[in-house]
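Below you'll find a set of structures to go through.
In the two complexes below, chain A is the common chain; its partner is chain B in one and chain C in the other.
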Partner chain A sequence: MEQVLKKRKHSKINKNYYGYIFTAPFIIGFLLFSLYPLVYTFYLSLTDMTLMSKSYKFIGLGNFKKLFEDRFFIQSFLNTWKIWLINFIPQIGIAMLLAVWFTSTRLKIRFVGFWRTIFYLPNILMPATIAVLFFNLFSYYGPVNQIGVRIGLFKDAVDFFRSSAWTVSIVAFIQWWMWFGTTLIIIMAGMTSISPSFYESAMVDGANSWQMFTKITLPLLRPVLVYILVTSLVGGMQMFDIPYMLTDGRGSPNGSIMTMNILMYMKFSSNKGHIGAAASVGVMIFLVTSISALVIIKLLKEKESKREIKRINRGVEGYELHG
Partner chain B sequence: MNYTVKTKIMRAFIYFILVILFLMCVVPLWILLVNATRSTPEIQQGVSLIPSKNLLVNWRNLTNRGFNIWRGFFNSALISVSVTVLTVYFSMMFAYAIHVYDFASKKFLYSFIILLVMVPTQVAIIGFYKYMSILNLLNSYIPLIVPAIAAPSSIFFAIQYLESTIVKELIEAARIDGCSELTIFHKIMLPIAKPGAVTMGIFAFVGSWNNFFTPFVLISKMEKYTLPMLVQTLRGDVYRTEYGSIYLGLAVSIIPILIVYILFSRYIVNGIAMGSVKE
Partner chain C sequence: MKKLISILLVLLLTVGLFSGCGKTEEQANSNQTGEKVLKIWSFTDEIKTMSVAFREKHPDVKIEYTMIPMTNGEYQTKLKSALQSGEAPDIIALEASFVREFIESDYLEDLSDLLPIAQELKTYQFTIDMATHDGKVKAYSYQATPGAMFYRRSLAKKYFGTDDPEKIQELVSDMKKFEEAAKIVKEKSKGNTYMVASVGDFTNLFFANREKPWVVDGKLYIDPKIDELFEIAKSFRQNGYEAQANQWQEGWFAGMNDSLVDAKGNPKQVFSYFLPTWGLPYVLMPNSSPKEVKIEGSDKTKKVGKDTSGDWACIRGPMPYQWGGTWIAVVKGTKNLELAKDFVKFATLDEENLKNWALGVYTNEYLKKIDPTIGDKLSQGPGDFVSSQKVVEEIVDKFDDASTSKFLAGQNSYRSFAEAAPYISLKLLQGTDDAIQRALNDPLNNYVSGKATKEQAIKQFKEAVKNTLPDLIVE
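== the complex of A and B ==
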């Protein structure tokens, strides 16, 4: 009997090696299909490899040196940030406003589920379709001009895709249009997980809704906002589909919507197929994104710990120093 | 009194904004669907919100010029279904391991997944391309399907989902009954986790169905084109003035997703919140 018990206990402990077996497919897949290509991209970025020639040589940081002297790279870097910021700021602003309205117990907005479902809809559509659709909607003889001229919004039809300002705005608008619903849903999930007792006691203390928003909602929402900021940044820095398909695939007009990813593709698909140079753009996107994400996380975390120290010093909430 | 009047005005204003946003989301798609049924002269004359009768002519025009929509559909469906199956199965397996077993690298793997969700992945495409060309896998679907085994965002979702779904007592009981670990995962865990698996599956499917960049870089043979790649050809010279056919091509590409969305929108909208960081 004792032996049986011992055996059972032994086998139960032993089962834990299944943890490795069950996670092995991911680890192998990750090493083969994610990590290795990434490392290989870093390696290629240090060579002058092209698609056409068989041999290549190691040229150190030559590609990067060229990139920093390349007007197009600087432009694509600025474009990517510009388009991302123009879309992200209204995106988080409007999503936040809608989330406050939808969760307000005073306003009692109806059909919240319906509105959210509709606002998320653009996100699920094929970016290729959206790009070609908006190209047609905003084309010279397209519906936007037809309506705009008829109702007197424009004097004459506007050639949207010959104007850098219009084209950048349209790309940013499409990105906003595709993502504000997602952001809204995530913020709402964060808001509804805040305990109502915070608001109740604030109301007892006579706080108005603005005070409650800035003193309770925003601080408690910070992790969610960091998540949205970082994931949006990661996506935004890799922006390709919409700006690529909206105009000629080279960021026209005047390279105004040439993102870093488009530049990478242009180098890759050029006549000679500059693999090395394209890889160096990829490495730059990787570094820019990772460093920005780390800075965001670090900055927002630091603020949090400082605020905590203040709280402890004031002793308002009875924090335990050793906790 | 004053307070309620203020609330009412505010409410009216909010509904006004909501209706505008509603129109912004729906009107472009409605124009797309309506224009798919109109002839080119009709489309050039002006905007209409009422369908016309040119659907069949547009369809003939569309399919006569090498736009092999069924082929594209088949290719995309083949890839997306395979990706969905692999992603759901292996992500669940990973998440299950994290929750059920105590092994040394568990904590590390969990933080690693969170890190990976935030790492840009498309940037390694050049290395991936070269690597696949060495393995002679360009113009093959293997590089589009097999990497789905390692999908960090799905795993992250699965970990969050399983946290509240796993019943440890049930697993213990099955062990005492002599079930193997793999049987427990298949026969007990997967059925319980079905709703989460459906949500994950929808996201994996939609992501793969809509993916343009990876197949665009890796695939060059026309007969292997996926649907987004075919849609992209609608921008080209072949259809320059055939607006009705262009809109029809676009409509066909999004109708399957629209149907999926109408059927499963509840799963999808709830799933987004679950797949994100809350704490």
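== the complex of A and C ==
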């Protein structure tokens, strides 16, 4: 009896280790490749280290002071938000619309898998390829101008990449085109996990599609939406490849597509390679992203719990009425 | 079944993990067997051709060649971080636009002991000046790159009544005259022929003819020539003397074989291009023949453009300038110092190699005999202008009936370059030039297209300079 007990105890302890062992690769990878660089970036942002000289010294918050006096930092901050918002709002709107259509039991759209794949495809392409493709499409002697003028869309050839508004729109469009497929898939996964019985009972109660969408789909989709919002925000704040490759790598024209990451890279690749100044931009991107993500999570959670209470109250009232 | 698949997958992943290690072990082994390895980084295939030719003389040397593009400055950035982390190659190629940054740093080996050879070969002084810092020569170049103006003979006849290079040279001998000529071209062609493809074509000329460098006593200095550039460029854009076909883009190349078509479908022509020595064999000649384009919806191809070879001529143009050039340097701390020096000596200061280089001896077949793995494209055509005056003088006559001369209707461009090369001075060049001139791009274009006044453009320029060069004083 005692032996059996001991054995059991032994095996229990053993199993407890499994968890650590299985998570160890991730933890080690995270500490080595995420946490360490993060802490090191904070450290670097307080130095005046450059690529071209071997010695450096602490300069406290000097880099940040310079950064806030720098018109380009403010501009890149606004640019990043602008491009992200212009691409994110239509992205989630259209993805939501398509997801409702695709999952709707009334419409019964065929070949959903096929459409989903088609919409996801741009995401598989290399950003470098896409940037070169769009650069050629919209170049002064490119096909968009040739066709646009001939069918009377524009009066004269447009120099797209010399106009800030056009260039920003093109970048936002590419970002939208590349990412709405991903968003669509995540939203569809969220929608299909909502039990059909909710919709069935709503239909029995005589609710129309709009009511079902706002009263059932949206509230139950909230956790998924928070996830999409936060991941897209993190990605959007780090936008780099498309705007970098599309024009001269400096956010041309007039720095209109210079995102914070491009500014960071510009500081890093300047003639002396100002690592310290680049790290301070990196720290700012980290802070901006973290704060906005926290705000989003907090806001949506609070709303959720408040609504929950309201809903329960209303539900109780309704019950009383029915009763 | 599921278990089996997952075990297989895990195995596959582990194999993938370790296969990376295997390679490095292999390499380490080959090092031990006595084979010398030389690591070279460059941004063009030219150095690869050189390295294959080098192996003909040194078959025991193994060369690891890495090519990194420099379109948006990727090469320089990669190089800088590699130099800082101590993982740099033995030999690096440096382009004119950023060579000074590296020469002024302390990452390069002093190669001054090769100077007597350079003097013996009468290497053009400006290529040595460019690579000298504090009295130390740190790199050598195999080419000299004086610039020229190339124009279409048939169009010259049509609009100026002559295609004689000397007469055309007189018509465009300074920027004012060049502008007047542009007006004539526009009026007589009813706007269907542009003087140049883009404003960017002639910015180099203004940069090359400044009085003072960009940075004087740590302060940004804006030369009066830049003012002139702003005015001329605006006049060219506003009057429609240029095609708005930016350098290195489709429209720019399309002008070379007459396939430029504007958005309304009207064919347009470009009268002249500003290109240096290497621009003739590498840019103008390969792009002056019809291009095969696939017809949409079928496998058939159609030809676009026409053969313009033989319709070109070469003159000095409004102002002397030089453009580009590749220098080769040895990284400090390399384990193969002697071998690396040998390579620099071979590539830049070897009479036989320079002759072979300029005369087109290094054909694909020739290189394949040395190294069969190089593929079918690597080769060096004739016509590159080399850095040794001695070699140039010996071979200049051989170009009288070379393909480059046929392309220019019998004009020996090599001779014109040989006359221009000794007069080039690069004393104005500084490590910060590239960053400053890139910063000028946007403001200049804003002014030219009328989106900004000159004050606004200069302000934008200064701000952009401050952003890329925080250590510089900008007033």
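Methods note: the second predicted complex is superposed on the first by the 300 of 323 C-alpha atoms of A that agree within 3 Å, B and C clash if a C-alpha of one lies under 4 Å from a C-alpha of the other, contacts with A are read in each partner's own complex, and residues count from 1 in each chain.
Keep in mind that, in the parts below, contacts are C-beta pairs under 8 Å (C-beta built on N, C-alpha and C of every residue); 3 or more make two chains touch, one makes a residue touch a chain.
The structure displayed is predicted, hence computed values, not measured ones.
When both complexes are superposed on chain A, chain B and chain C occupy overlapping space and clash. Counting the residues of chain A that each partner touches, chain B and chain C differ, and the larger count belongs to B. Of the two partner chains, chain B is the only one that A:293 touches; chain C does not reach it. Legend: residue contacts after superposition of the two complexes on their common chain; A:95 is shown touching neither chain B nor chain C. Shared-chain residue A:141: touches chain B and chain C both. When the two structures are aligned on the shared chain, A:20 is found in touch with chain B, with no touch to chain C. Legend: residue contacts after superposition of the two complexes on their common chain; A:178 is shown touching neither chain B nor chain C.
Using the contact criterion defined above for the overlaid structures, shared-chain residue A:170 touches neither chain B nor chain C, since it reaches no partner.
Touch criterion met: A:272 reaches chain C, while chain B stays clear of it. Looking at the shared chain after the overlay, A:238 reaches chain B, while chain C stays out of its contact range.
In the superposed model, A:156 lies in contact with chain C only, and not with chain B.
Within the three-chain overlay, chain C meets chain B in a clash at only one of the listed stretches 61-69, 115-123, 169-177 or 313-321, and that stretch is 61-69. When the two complexes are laid over each other on chain A, chain A has residues 136, 141, 146, 150, 245, 268 in contact with both chain B and chain C. Within the complex, the chain B residues that touch chain A are 7, 10-11, 14-15, 18, 21-22, 24-26, 28-29, 31-32, 44, 46-47, 90-91, 93-94, 96-98, 100-103, 105-106, 109, 116-131, 143, 146-147, 149-150, 155, 175, 181, 185, 206, 209-210, 212-213, 217, 227-229, 231-232, 234-235, 243, 246-247, 250, 253-254, 257, 260-261, 265-266, 268-269, 272-274, 276-279.
The touching residues of chain A, when paired with chain B in their complex, are 12, 15-23, 25-30, 33-34, 36-44, 49, 98, 101, 106-109, 113, 115-122, 124-129, 131-137, 141, 143, 146-147, 150, 177, 181-182, 185-186, 188-190, 193, 223-224, 226-228, 230-231, 234, 237-238, 240-241, 245, 261, 264-265, 268, 275, 278-279, 282-283, 285-286, 289-290, 293. Within the complex, the chain C residues that touch chain A are 72-73, 76-77, 80-81, 83-84, 98, 101, 105, 107, 244-246, 249-251, 254, 260-265, 431-432, 434-435, 438, 441-442, 445-446, 449, 460, 463-464, 467-471. Contact residues on chain A toward chain C in their complex (touch as defined above): 51-52, 54, 66, 70-72, 136, 139-142, 145-146, 148-150, 154, 156-157, 159, 162, 244-245, 248-250, 252-255, 266, 268-274, 277.
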